[in-house]
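Labels run A, B, C, D and E following the written order; every chain starts at residue 1.
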Amino acid sequence: MAFFLETLFGGLMVGTLYALVAIGFVLIFKASGVFNFAQGAMVLFSALVMARFAEWIPQWLGMEPGLVGNLLAIVVTLVGMVLVAWAIERLALRHLVNQEPIILLMATLGIAYLLDGFGPMVFGSEVYSINVGMPKDPVFLMESTFEGGVMISLEDLMAAGIAAVMVAALSIFFQKTKTGRALRAVADDHQAAQSIGIPLSRIWVIVWSVAGAVALVVGVIWGSKLGVQYSLSLVALKALPVVILGGLTSLPGAIIGGLIIGVGEKLSEVYIGPMVGGGIETWFAYGLALCFLLVRPQGLFGDKIIDRV
Amino acid sequence: QAQEQFMPLLVYRTGQFAPMGIPWADGKQDYLKLVNAKGGVNGVKITFEECETAYDTGKGVECYERMKNRPNGTASFDTQSTGITFAVSDKAPGDKATIVTTGYGLSQSADGRVFEWNFPLLGNYWTAADSMIQDILKKEKGSLKGKKIALVYHDSPFGKEPMPLLEKRAAKEGFELLKLPVTAPGVEQKSTWLQIRQQRPDYVLLWSAGVMTPTSIREAQATAYPRDKIYGIWWAGSETDVQDIGAGAKGYNTVTIQNTAEFDKVHDEIKTMLYDKGQGTARDVKGTRSIAYTRGVMIAMLQVESIRTAQEKFGKGKTMTPEQVRWGLENLNLTQERLNELGFGKILRPIQTSCENHMGTDWSRIAQWDGAKFNVVSDWYQADKSMVDPLVKEYGERYAKEKNIQIRDCK
Amino acid sequence: MSEKKIGDVILDIQNISLRFGGVKALTDISFNVREHEIRSIIGPNGAGKSSMLNCINGVYTPSEGSITFRGQTFAHMNSRQVAEMGVARTFQNLALFKGMSVIDNIMTGRNLKMKCNLLQQAFHLGPARREELAHREFVENIIDFLEIQAYRKTPVGQLPYGLQKRVDLGRALAMEPQVLLLDEPMAGMNVEEKQDMCRFILDVNDEFGTTIVLIEHDMGVVMDISDRVVVLDYGKKIGDGAPDDVRNNEDVIRAYLGTTD
Amino acid sequence: MFYRENGQFKTSYAADQQIFTIAQDRYAILGLLAIAFLVIPLVASDYTFQAILIPFVIMSLGALGLNILVGYCGQISLGTAAFMAVGAYAAFNFQARFENMPLLIALIGGGLCAMAVGVVFGLPSLRIRGLYLAVATLAAQFFIDWITTRAAWVTNNSSSGSVSAKALEILGWQIDTPMEKYLLCLAILCVLALGAKNLVRSSVGREWMAMRDMDVAASVIGIRPVYAKLSAFAVSSFIVGIAGALWGFVHLGSWEPAAFGLNQSLQLLFMIIIGGLGSIVGSIFGAAFFVLLPLFLNQVPHWMGLPISTATATYLEHMIFGALIVFFLIVEPHGLAKLWATARQKLRVWPFPH
Amino acid sequence: MSTATPASTTQPLVEVNGIEVIYNHVILVLKGVSLKVPEHGIVALLGGNGAGKTTTLRAISNLLKGERGEVTKGSVMLEGKEIQNLSPADLVKRGVVQVMEGRHCFAHLTIEENLLTGSYTRTDKAEIARNLEKVYNYFPRLKTRRTSQAAYTSGGEQQMCAIGRALMSNPRMVLLDEPSMGLAPQIVEEVFNIVQDLNHKEKVTFMLAEQNTNMALKYADYGYIMESGRIVMDGPAKELASNEDVKEFYLGVGGSERKSFKDVKSYKRRKRWLA
């Protein structure tokens, strides 16, 4: 029982981490109809910039690395991500107005290549660490009820909290504000949005900047878990079943999807895995998402796919 | 006109394994520079060229094709990748290309009768696994009856290599072997470590690479699994794998090929003859103080020595053909004196290869992370020949049958 | 003009209702279409005209009622079945295959009639080649008929709106339908073009005896060429009969025609 | 001036239905084929064959297969490499388990198995569309990855988990030099490309495109979505499977599961988009772009004599590559094939601008 | 009705000077189109399918780029200043808004949200509410469907939504591309009344590309007729309406009486006059 609970909690925690990455995808998709394959690259890039500046800034200023250094590095990175967003809009998106989703998807893959080359070239390709003081050791709950207690990772718990806050904030932004509405309009029809005076350029810079900020949060959390290095860009892959399960256009969907995938994945690996030789969680996550999609092709909370004649 | 010998350098300085690939590549290049700085191999300068594979088999094959037939004798390939090794092993005999796979590749390729062109010098995954078990046996005072050992492995042929040996050992020592695969790249291992928490194995053998290693150690920390009960394979035992976990990884053990956690005279030479003159490959001399770097240096040394050996037979001061280099590798004989002379006295034990035995030697030691650096903590272990040799023979012969390879007669 | 021979009821719509959530798109609609006639459906925007056509060819499933086609009664039609029974259709919001050329678009209309299998087509064997040629010839006739020869190979996405409508019609004609459902075929055309279009429709109706169900907002056209007219309003039928009867129907004038005309 | 169709009147629909309606095109293609089959084998070096031409030809084939699915039928797939893997492993198994299985039969068998698997993974496409489907096809990718590493029977209980092909031979023709291997691949490419071209310009092809462009309308004119989509999955996977088998048998010779990873899938998708969705030649252009460009970029630092490190060079290569992709998408979202068509159109009216 | 012609001395609001438009780098569509839209005027742009009306409007509102088209020659001026380099959004800020052909509603947004997005450039809440009320007054049908997603409304409802959405930005000038398409007759009438109403009361300038020549000429002050990418005729609406050629080709009243559609015998096109 304790083990089941641990697995469940573990799954939930991992799920929120996935959700956090998924939010990045959803954000950009919802606001511009672009499926941003460069999200992983952005995570890596932001983590890299952050890690390096967190190391450099104290050196330059001649102070101890710590909270202030980290905060300054985060600010610098945020500025960096805005610049990236601006450059992406300027050099790519602007010229791809009104193109099909798959073309845009490919363009983001191109951007991913660019970032993957640019980041390590400028900031180095060794392993760097981010230390923002996330607790690394577990705590044990209910030790009286179960032998050995139920273990919870504080780090994951914190990450989960951050994810929840971000989703709440972003959801409100999308549903309630004028800009939110405009963003959804852009996703539906670039040209019509332009024709009624929505400044695509500005909107895109905003959205990509926000996505960059989300990427930074993800980068810091995962980076402090995994170390900052190329593989960090692969965590984005883990979020893909989450986005389709939750629905490409739904922020709460990202959270629920994340939780379902997280839990499903862990339970399946722990309980079914041993029967078939293990290592099933990756495809199991996709299989799970697929099953849901067969019932709801637009994901759990996604906008209905419209076909009308 | 001075003769030259070409050494192809397949490396990965980018991609997911870059953190270990960079010092490895630096080590290889630095040693060749050092040899040249000392006048080459009997006056033959080593020319070299790096080709980036990013650990991608396709790219690796392209590099191999590009470099295999250089006019001034392509020496031998250290492909740095199991996948590339698989892909080129079949081509090698036809191309007359020699493949050196120190500590990786196919374990059974130690059988020189079947694998004429492959040289898994110094050890393979079976010898590594065997050394780990020996160390554990020592800690457990000689008996593993009723113990549980988990193998947490990268879900790929690489990760599965040690299984035959471990199964054999488990049968012999009476411990239970638990196999837990981790899907590549290994950024998410919660379920694996939950299972470990549930099963409570006494030891964990970690057959990992790249990001999987730090993730495993972090998960071990997060599930409060004692790090000093974890043994990593040598590819999981670089400073880059643990240094940013720091104290959290304290106690983590890794098996080293021979004794690559040691620093020796060769490091000093590299410092004085290259880095002090600004000719080093790594960013600075600190980059030479790592296990992966030393391993690169060591591999390059073996490749160079094989050229030297070949020259002894086919003519000093001449460019060797690939076949001649292969002969050199097959007749390598580095005594302790020779190793001391080369500056590898502490790092390596004497090595002698032969037609049947392409591995040469199979010693290794265990190093432990103390929170800041790796320290060698065990004595030398030699793999148990009664365990490893039959496996090499069995798998080698099976391979020969699968691929229709004529087994050489070494008599 | 020779007197048209209007035949038996070919399509009988009985008590069709259609709901989307709270919206009642159609409420208890019944009417019939006789062979060889031109039957118009008119009504204000959102009255449910397009939805009616969608029910007939299986895009929507009516929540109540049934449709009888040539004596067979269906509660729900399946698109493929409908097509096989010889019902073709054009769309209000162009539903052309945008990336395909004009010829290919129209050729898709012949697909039901093409029988060669995948392998034959892959190797372009004799039968496949002959079949393709025969149908191509048929399609070329339609292209001539619609006067779009010059655009044969243009991707339809690049054509101006009006021509796209013509291609849409061409695709439907290529099916050699017995019943042709036209959803605002003349929207976005000027008078001259409308005249041409009427001519096409009348010719198809005359020469091939195709039954036509027409939705159109241009009263001039509707009143001139249709044999009978159904009027819908807010999903309900408010009139049915010959053009002149409908024109003078009080309800219809109030709901749709307005005081002008 | 030289590229004119003036005076070439087509007097029958048969003439208009030829693959290449303009005489110059026909000659150009014949010329190209002659060069590919006769001239190149005489002049190219082994390295060119092994490192450039063979991968290029095989990738063209893979891209061609994928283009049928994505470009013609509009079903985006990120799992192509999985189908390549099925092709490769199936062909391997046919050869390993049956004595004296002829190479061609094994290859076709590989294609057929890939086709079967493709159809199974195509089933969700009946319900799921667009990007959702794209991501869902990753299920195929990861599942096949898993099976190939996990199930011993897939590798015929190979001791190492890696498998390798037997010597290549067709009816006594020993295919062992790179040149012969190239010719084999090229011949297969030509046959399949011709077949694909025939398909896409006949009724099945139109069904696929109709599904892609507007599926509701397609079903209204009597096209069955099930048949259209699954046949596209089948044909596409068949070709992709054969490409996979060739990749394993001819290019790699021996391989492990990682040889058919997600990266490969993305690369193929790149190829067809840069080359041109819904264009047979586009697939080939795209493959050329993707095989040649890195080799080319690789050489640039050498030529310029810049002393940059391998890593920097690789990162630069990455960046240029990414930038070029974006650049090409901007210049012509419909790919090199479209660019080529536009160029021809300009050539036709040359020297007038329009 | 005013008979102000573009030739009058006051500066025209929009002036198009000999523009050429090319799609996809090769398809030449407009071959030197010049026209003027006077402030507070209603100008109609007429012509058959494919004449280039939509293209002209897109050129003015800078929406060509998304269709891979570009203006290669000539210029477009707004109040004497070139506007080719402005983004469509800038133009809307300056009061020029286009209703695109073929509706283009935001499929996933509700009708009301669609309308509200139209007021993106407005900041005054009260004004937005007023505008919304106004649009609902013009098109009561929209009010009943305000909470349905635009994609699920009927063709005509979408058309109303598109027009209403443009009006939400309080424009100075509206480019209407086939506003009457798919609308029921009394709504068509209503749309034109709205145009006239806004023109009179709020001095909004209109430019309509219309196929419903009859209506267009009835409400417009000035008309241009296009064929194959060129302007072939222009003049005050009244004059055009009484021109014999126009009558025959565009109004379908060839010379004498209006013919029944049923009696049109030949659909072979007569040769057009081409400049």
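Throughout what follows, a contact is a pair of C-beta atoms (placed from the backbone, for glycine too) under 8 Å apart; a residue touches a chain by one contact, two chains touch by 3 or more.
Please read these numbers as outputs of a predicted model, since none were measured by experiment.
Listed here as common contacts of chain B and chain D: A.
The fewest steps needed to get from chain B to chain E, moving only between touching chains, is 2. Averaging Cα atoms per chain gives one point for each, and the point farthest from that of chain E is the centre of B. Chain centre most remote from that of chain A: C (centre = mean of CA atoms). For chain pairs C-E and D-E, the one joined by more C-beta pairs in contact is C-E.
Rounded to whole angstrom, the centroid-to-centroid distance between chain A and chain C, based on C-alpha atoms, equals 48 Å.
Chain A and chain E have CA centres that are 44 Å apart. Spacing of chain A relative to chain B, judged by their CA centroids, is 36 angstrom. Once the centre of each chain is set as its mean CA position, chain A and chain D turn out to be 32 Å apart. Multi-chain contact residues, meaning those touching two or more other chains, occur in chain B at positions 13-14, 18, 22, 155, 181, 183. Taken residue by residue, chain C touches two or more other chains at 50, 59, 91-93, 95, whereas all remaining positions touch fewer.
In chain A, 120, 125, 277, 279, 282, 308-309 are the positions where the chain touches two or more neighbouring chains simultaneously.
The residues of chain D lying in touch with chain A in their complex are 70, 76, 124, 127-132, 134-136, 138-139, 142-143, 145-146, 149-150, 215-217, 220, 262, 266, 269-270, 273-274, 277, 311-312, 314-319, 321-326, 329-330, 333. Those residues of chain E whose C-beta lies close enough to touch chain C in the complex are 23-24, 27, 46-51, 54, 101-103, 141, 145, 148, 152-157, 159-160, 178, 181-189, 211-214, 249-252, 258-262, 264-267, 269. Looking at the complex, you find that chain C touches chain D at residues 57-59, 79-80, 82-84, 88-89, 91, 95-100, 104, 107-112, 114, 116, 118, 121-124, 128-129, 132-133, 136-137, 140, 171-172, 175.
Residues 1, 20, 23, 43-51, 92-94, 147, 158-163, 184, 187-196, 198-200, 202, 217-221, 224-225, 256-258, 260-261 of chain C are the ones that touch chain E when the two sit in their complex. Considering their complex, residues 61, 63, 65-67, 87-93, 97-100, 104-109, 113-114, 116-118, 120-121, 149, 151-152, 165-166, 168-169 of chain E touch chain A.
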